[in-house]
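The same chain A turns up in both complexes below, where it pairs with chain B and then with chain C.
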Partner chain A sequence: MKPRYKASRGAYLFILPYFVLFFAFFLIPALLIFPVSLTRWNLLDSPQFVWFENYINLFDDQYFWKAVKNTFYYTILVTILLVGLGLFLALLLNQKLRGRVVGRIFVIMPYVISSAVAGVIWKWMYNQNFGIINSYLRALGLQPLGFLTDVDQAMPSLVFMNAWWSVGFNTIIYLAALQGIPEELFQAAQVDGANPWQAFRYVTWPLLRPITLYVTVLCFANSFQMFDEAYMMTQGGPVASTVTLVYKTYTTAFEAFRFGDAAAISVITMTFIAMITFIQFRMARRGAFEQ
Partner chain B sequence: MYHKSSKLAYLLSALVVLALLLGACAPAATEVPKPAATEPPAPAATEEAAPAATEPPAPAQPAETQPAEECTEPVGITYWDGLGAPDNVPMGELVKMYNETNTDCVQVEEIVLDWGTLYTKLILDFKAGNAPDVSTMHMPSLLQYVSLGILKPIDELAAKYGFKGEDIAEVVWDGAVIDGKRVAIPLDMHPFALYYNVKAFEAAGLDPDKPPTTGEEFIEYAKKLTVDADGDGTPEQYGTGLGYSGGNPFRVWMSLLWQHAGQEVLNEDHTKAAFNTPAGIESLQWLYDLVYTHKVSPPGESDPDDDFMKGIVAMNITGPWAMGDYNKIEGLEYRTVPFPVVYDEMAVWDHPHMLVFPDSGDEAKTEAAMKFVRWMVQDNNWFWTSHSGHQPVVKAVQESEEFKALENWQAFTKSLPYSNYYPQVVKSSEVFGREPTSPFVIMMESVMLDQATPEEAIATAEESINEILAAP
Partner chain C sequence: MRFKTSRGLLYLVLVLVIIFYAAPIFIVISTSLKTDTQAMTKEFEWIPRPLIFDQYKTVLNRFPIERWILNSIIVTTGTVLLVLGVSLPAGYAFARLEFKGKNFLFGLSLLTIMLPFFAYIPQLYLMFYYLRLINTYMALIIPLATSGVSIFLFRQFISQIPSELDDAARIDGCNNWQIFTKIIVPLTKPAMVSVIIFTAIKSWNSLMWPLIVASKDTVKTLPVGLAVNVFAATTGVVRPNPYGVIMAAALISIVLPVALFLILQRYFVQGIATTGLK
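Right, the complex of A and B next:
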């Protein structure tokens, strides 16, 4: 055992800087939210222990339920769009077409900018008066759309922006998986007389299943924590239609200075993510057995 | 075969690492810069804006100017300025002027923040021991920051540096006292007034010398100013701007509420909402009707200031800070008139700027900050007024001929006796916030975007505000 430990000592050293930061800024604060969620604390005075009062109050808070609803709406739309579009683009870019390298670069390119920058870009593109999208709509003789100012359009507009920004990530994962599917399987299918749809349905799709589960879990967990888009583009409006759970956590903590309530929302958000991830992992395991 | 799948495994694991590092497809909550300041575009009355802007009218007796001592090491102080786009420009000029000319041996570092960030950061930085030595703040927010223990009483320092009640407008001089202790020095006042486009008035056959003064007149004028020349059902010019989000729409509503005799926003001891009344609903309905019944204001209007500058709306209700932006528009000829009297009596929203002294624990710096504030308020209130559009607080400036010659300032001056302020509450930033998640903003958005009736929207806001006020 001993030499083995020795051999890996260098490796621990390499990951140490990350772990220090991970502990200081992620794990410890994440664990601290449990005790904080049981207190009333405005940051300046000492926290007061209030048991589960913050949780009970949340159940009466109409905007908490609105945030839950908005978060699920956003997450489901983003996940469907990103997984579907990611697969579609990967299939397209996997074809032996001219310019596919350029296509791959274009698909992943938006992902290298930060989501905050993407938010600013799209905020201008969506702008009702000066936005480029509305300027084209007007040029076509159509009515401009209130992308971020319309209660029904605001959330889908954020979803669309997110799809543009991050679909490249899923595309690359799918592309890697597609390239790992042995060519012989397709040749065998062809020999059996399968058309392209049948080849996809019975060869590609089943083999991509673990990857699909993986990107779905990832997309779900990440979009459930959506904050940047709402913060940069709508600040939760209009009529609270883009307030998500994480955005509400932020306003509760840093606008209302109710850190106890904010911690309670975080705990609930975390619980939702843990539950859904657990279900998805169970599904993933079942999927793996089937193969 | 083996080779291929190990390559795939390698690629996949690399991607997993990448995923963990980058936070995958949806952006994780990373550190993001605060969006641009949301305070209504404040005014930077530029040259053409401010007539004779630099000639100070007999400054209010400058406090004893101290003999220029040998200044070897100036006291460095930090000044947080929450003023938004146009009016932070003259503020920056003032700070620069002070740093270059002062004989107080003080150097000011100005940090420009938007209001929302300033109010949040003040609490966080105070906790971290980094509070600024002096900061801007609105009068109705004082109680909140006093109750948090952030603001220092400054009675003695103010007296030492020559501040006297008889020199300063009473309402703000007295408004800067919380629980019998002075915690701020007033900087300016800025009630709402009505701006109107002179050329649009003339084109509609309206006399620019007779702007609307009542609710009926306002609607009548707005109808005449709404022009749909090509008859496509969408006017090219609307009578008035109003907007649907942010601070201004609910402040206009609140002005209408206050125009009902005896009507207040909160009950007497500020423990409960008092606006869900026929007066509150009627005022909200009046604004709804401008957009959806009379169709004289654009639905879902996101930027009334911009629309006024572009001629899309012919009138707009806002504060004096807007002059700074309006004056930059070539060919835009506008005038101001007090907010129309729609109900029983004249009343209008006002939100005076104050200068506060957070408890930084350093007496010398607080005193240096007071020297700077004395210079800015006592000696340079004229500069600030004439360049920012705001109303002066120093009586000598208010009464000076130079100030009376600033035509577009006078509608605001006439409104001052009718100014109303948010009631002081400990939860001020939550109750009167202008973020899209604040109760009054949601109320206005619901009505102005036709998502709820005035009755429903006002009941929702009442419930939210009662919850906020009841929370310990």
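Right, the complex of A and C next:
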């Protein structure tokens, strides 16, 4: 057993700097969300208490429900893409191939590029008339696509841009996990006559399950808060097809200056996130018992 | 995994992957060396003829981009230092020291991980508004330092350092502060690399919060300057396709992070990997 010291000397001084910032710039603003959501407030006039009017208005607002739908649509697509592609790239770059180091550098590099720059690069590539993708589609004799200008294609285009921009993070995590798997396990599988697919299915995949859960939860939580891509590439358009909940919070607070409504959207969004996290952990626990 | 099946296919896939990830960078370089009319061709020209460097001149003359880069460096450095300064001691205290309310306070700090940043951004803005800190570096630095992720990471890491080291130092007459600075801090380097890297990326890339609190060029960070001043031109009708200028600005702004990444690659990969394998 570790020796126990009774109340260590000066212990509070070690945590004091953090908790000063914590109270002033996290806890107080966070506790204010709910009270503010019950007011009508444009920052210039003093807040007016309106009970649940903001919530009632939101439930009647079809654009709010559209933002809810868009957010789930984006989150699910991005999570599947980033987890699947991250694993695929890690498996590829873990093979003993010449040039895998170059491959790793290029796959991971876009992750250090800021969302603003990455967004505008893809906006240019997606450009309907002069973008490189359409230029090749035309060369192949295919119909050019609308991408960001098309109501149905805009959101998938924002999703796909992440295959380039942010997959590096998951790739690094999966690569580290793969390198932690003892080589003997694969040798044993080979001796037993397993083909590469069976080795993956029965050796690699079960060992990667905890990591897969970790990156899935992280991806889900991050992409549920998508703002940057929509701001940089589509400004929420066309026809609000890329407005997410966070984008709506931003425009409601800082373009329309309706702080009460913005806080109400925040409260609802947080409720969604809490519910999803709870379900994910329930599923994870059940998975753990099955094994 | 060593299976001798279809090496050829694996190499083909690897080449395609490298092309996919490298191509956008070359598109940026190529477009930045074209005039606006050259950029507006139906067929994409990889090597522009003639090569034009005017777009870089335009960017540097028209926008205070070097000031934005400097601001971003100041804000990122400030954020990293503040995060280390507040969460390293706190991580040590939660891992090693005994005090009343320890578990409660630790749990409280984890709330910052559960409550997303955007949710309290409007209220945070009000705080800074009333403190008259809008358009200051402080406003850009402080909110990123309240995250409990680094405390959590440091606590985990410090708990794994054998406590016999502390005991030995205590017998030699060291107090908690000396144990912290002389023994714990030097042993925490791998965790520090992790925290420095993800804090730096978060701060350097941060877009929404700086959009809200930094509207003056004296404090504007690079992503905001690009988004508001340079790229906004892409949605305008006046110049329908100023992508030459935009790509020149994009290239100027990725030089520093990409160079740092290439130099510090090993630490970068290791730093991210440790966050995943706690």
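Assume the second predicted complex is superposed on the first by the 254 of 291 C-alpha atoms of A that agree within 3 Å, B and C clash if a C-alpha of one lies under 4 Å from a C-alpha of the other, contacts with A are read in each partner's own complex, and residues count from 1 in each chain.
Going forward, a contact is a pair of C-beta atoms (placed from the backbone, for glycine too) under 8 Å apart; a residue touches a chain by one contact, two chains touch by 3 or more.
What you are looking at is a predicted structure, and each value in this text was computed from that prediction instead of being measured.
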item: Partner chain(s) touched by A:R209 [first = chain B, second = chain C, both, neither]; value: neither
item: Which superposed partner A:L82 touches (first chain B, second chain C, both, neither); value: first
item: Dominant toucher of chain A (residue count), chain B or chain C; value: C
item: Partner chain(s) touched by A:N162 [first = chain B, second = chain C, both, neither]; value: first
item: First (chain B), second (chain C), both or neither touched by A:V246; value: both
item: Which superposed partner A:Y136 touches (first chain B, second chain C, both, neither); value: second
item: First, second, both or neither for A:N42, with chain B first and chain C second; value: first
item: Touching both chain B and chain C, residues of chain A; value: 43, 111, 114-116, 129, 169, 172-173, 176-177, 180, 215, 221, 225, 227-228, 231-232, 235, 246, 254
item: For the chain C and chain A complex, residues of the former touching the latter; value: 1-3, 5, 7, 10-11, 13-15, 17-18, 20-22, 24-25, 27-28, 31, 39-44, 85-87, 89-90, 92-94, 96-100, 105, 108-109, 111-112, 114-127, 129, 142-143, 145-146, 151, 163, 167, 175-177, 180, 201, 204-205, 207-208, 211-212, 222-224, 226-227, 231, 234-235, 241, 243, 246-247, 250, 253-254, 257-258, 260-262, 265, 268-269, 272-273, 275-277
item: In the complex with chain B, residue positions of chain A that touch it; value: 40, 42-44, 57, 61-63, 78, 82, 111, 114-116, 118-119, 128-129, 143, 146, 149-151, 162, 165-167, 169-170, 172-173, 176-177, 179-180, 182, 215, 218-219, 221-223, 225-229, 231-232, 234-240, 243, 246-248, 251, 254-258
item: Complex contacts: residues of chain A adjacent to chain C; value: 2-15, 17-19, 21-22, 24-30, 32-33, 36, 43, 89, 92-97, 99-100, 102-117, 120-125, 127, 129-130, 132, 135-136, 138-139, 164, 169, 172-173, 175-177, 180, 186, 190, 195-196, 199-200, 204, 211, 214-215, 221, 224-225, 227-228, 231-232, 235, 246, 249-250, 253-254, 259, 262-263, 266-267, 269-270, 273-274, 277
item: Contact footprint of chain A on chain B as seen in their complex; value: 1, 4-5, 7-8, 11-12, 15, 19, 22-30, 32-33, 35, 116, 120, 123-124, 126-127, 148-150, 234, 244-245, 300, 302-303, 306, 427, 429-430, 433, 435-437, 441-442, 445-446, 449, 451, 460, 463-464, 467-468, 471-472
